Amino acid sequence: MGLFLRQDQPWRASRRETALSGVALFVVLMAVWLLNSGHYTPLIIGFGVASSLLVVFLSWRMGIVDREGLPVHLLPRATVYAPWLFKEIFTANVDVAKRVLTPFEPNISPRLFDTGVTQKTDLGRVIYANSITLTPGTVSIGVKGSYITVHAIAEDVADGLQEGEMDRRVTWLEGERR
Amino acid sequence: MIDVIHIVLFTFLAVIAIAIIRLRDLFAAVMLMGIFSLLSASLFTVMDAVDVAFTEAAVGAGVSTILMLATLSLTHSSESTRYARPRPMALVAVVLTGAALVYATFDMPRYGDPAAPIHHHVADHYIEDTDDEIGVPNMVTAILASYRGYDTWGETAVIFTACVGVMMLLGGARTFYRWRHREEDEPEEAGEAS
Amino acid sequence: MSGALVAEVLSWAFIVAGSVFVLIGGIGLIRLPDFYTRIHAAGITDTMGAWLILIGLMFSAGWTLITVKLFMLLFFLAATSPLASHALAKAAFLRGLEPMLGRGLEIEGDHD
Amino acid sequence: MDQFGAATLALLVCMAMTLFRSIAGPTVFDRVLAVNSFGTKTVLLIAVYGFLTGRPDFLDLALVYALMNFIGTIAVMKFTRFGDLAGMEDDDEETL
């Protein structure tokens, strides 16, 4: 009875957005199924369609089928952002590795500080906080309103983050809409 | 190389087991049990028991860790340090039982022996005919979900019932209270938002 | 033939580089002085170590479904490891675990 | 011995180091970090092991482990913070 009546809750996305995201979610799930299975008989593909539909239905009922749940609209700009992030992660890795391997005593001077964020959406802030954490040397330990609390392994790493290039790039990635 | 992996993983297992016994902090012991499960799952994988490894990863490292943490949150998280006086008879009993079990393994077929009895009951039939009769690529899945379908169905019902029971005993009351509370609050929040 | 050779060499290079990063992460896990700094060391293993090894395996597998699965594994690891690190650090911070700051390595001297 | 053997050895050594941290780790969170890190290394070990034995079919297992490991860490963190898997709304204001 109550199964189909939960559509009009305030945090839900609009109908059109939900439908588009639902289709996108189904396509992604089906692609994951097909790529992982490697058996292409009607029975197995039927199972795949059934499970994907079930997952889409359950997610829809939980109210998490929206642009935030599956941010396909960020994909074009993400192809520009990801390589830059990879490069950044690589240099940060080498830097932290050097600090760890410094003889006698690791060359660290940990810092704890707040850095401002310029992203407008929660999704953008999540991407920024995750990018910070993904880069070794900096870990975000709290996201609160318009700033992120960050633990950095050394002073110059902290300064590098506070110059704000990553922040600008994530804001650009997020785009103007919404 | 494979032998090296076996030996190292078994050494890790022994080290963790000893550490779990010696630790007084029960939360740490639960964490180490998680590592223990991950290690046993890797060992199952290395010994080609991939389906058992799946189960071990899901149940051992996932569910049982959560259940033990739930238990800890209801009790204390450090072991009471009341040392029993040493009992030699208990040690003797444990050593004898262990020795008997090790002795029993000598009668078991060699690891991976194709002539072992377990491989000659209905296994041949499953191996040869699963593809035609069921059409599911994974043989273990075919056996569990089709040849022994009713059995699995019953097991699933039992596990589901047990799961519901555990959830009601452990977190049910609080969660239910919050849920009720939230239902009461919701109209106000919706009013503010719109 | 030379294509296969190039793939083999690349596979070697990436896997060995990844192994080195994995080892450095492990050393950091032991050497660094407090919990928050150890997260950074674990981060080395989770990012470069894991990724380079998986990319090396991809070169070894060639253009097959296995490469797709390796890529999926890489994606899952990249998506989940920062979330886990963040959850850990946040939980520790909210529980009141004080980070060791500045150069005072002697504050919690359990490093060797 | 090929490159997979080298990676396996590196992973085993690193696992031993993580094990040391999980046993010695002074705080609870060190141990959780060690478990999480150990899980990542298990995933890698299984992936590499498949290639070492020439049967890379174990990758499905590695995928499952990667996801299980993540869910496990999140669940443990929720327990250490709230003592309950459903806990979430209590401190939205202070921490979000």
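Of note:
Labels A, B, C and D are assigned to the chains in the order they are written; within every chain, residues are numbered from 1.
Heads up, the rule we're going with is that a residue touches a chain if its C-beta (ideal position, glycine included) is under 8 Å from a C-beta of that chain, and two chains touch if they have at least 3 such contacts.
Remember, predicted model here, so these are calculated numbers, not experimental data.
Among the chains in view, D has its Cα centre nearest the centre of the complete protein Cα set.
When the interfaces A-C and C-D are ranked by how many C-beta pairs touch across them, C-D comes first.
Averaged C-alpha coordinates put the centre of chain A at 18 Å from the centre of chain C.
If you average the Cα atoms of chain C and of chain D, the two centres end up 11 Å apart.
With centres set at the average Cα position, the gap from chain A to chain B is 31 Å. Chain B and chain C have Cα centroids separated by 27 Å. For chain C, residues that reach two or more other chains under the stated contact definition are 27, 39, 69, 72, 81, 83, 85, 90, 92.
The residues of chain D that reach two or more other chains are 9, 16, 32, 34, 60, 63, 69, 95, listed in rising order. Taken in their complex, chain D has these residues touching chain B: 1, 5, 8-9, 12, 15-16, 19, 22-23, 25, 28, 31-32, 34-35, 38-39, 42, 45-46, 49, 52-53, 57-58, 61, 64-65, 68-69, 71-72, 75-76, 79, 83-86, 89. Interface residues of chain B facing chain D in the complex, by the touch rule stated above, are 1-2, 4-5, 8, 12, 15-16, 19, 23, 25, 27-28, 31-32, 34-35, 38-39, 41-42, 45-46, 50, 53-54, 57-58, 61-62, 65-66, 69-70, 73, 171, 174-175, 178, 182. By the touch criterion stated above, chain B contacts chain A in their complex at residues 135-137, 189-190, 193-194. Within the complex formed with chain C, the residues of chain A that make contact are 32, 35-36, 38, 89-90, 93, 96-97, 100-101, 105-106, 108-112, 129-131, 133-142, 149, 151, 153. Of all the residues in chain A, the ones that touch chain B in their complex are 10, 39, 41, 43-44.
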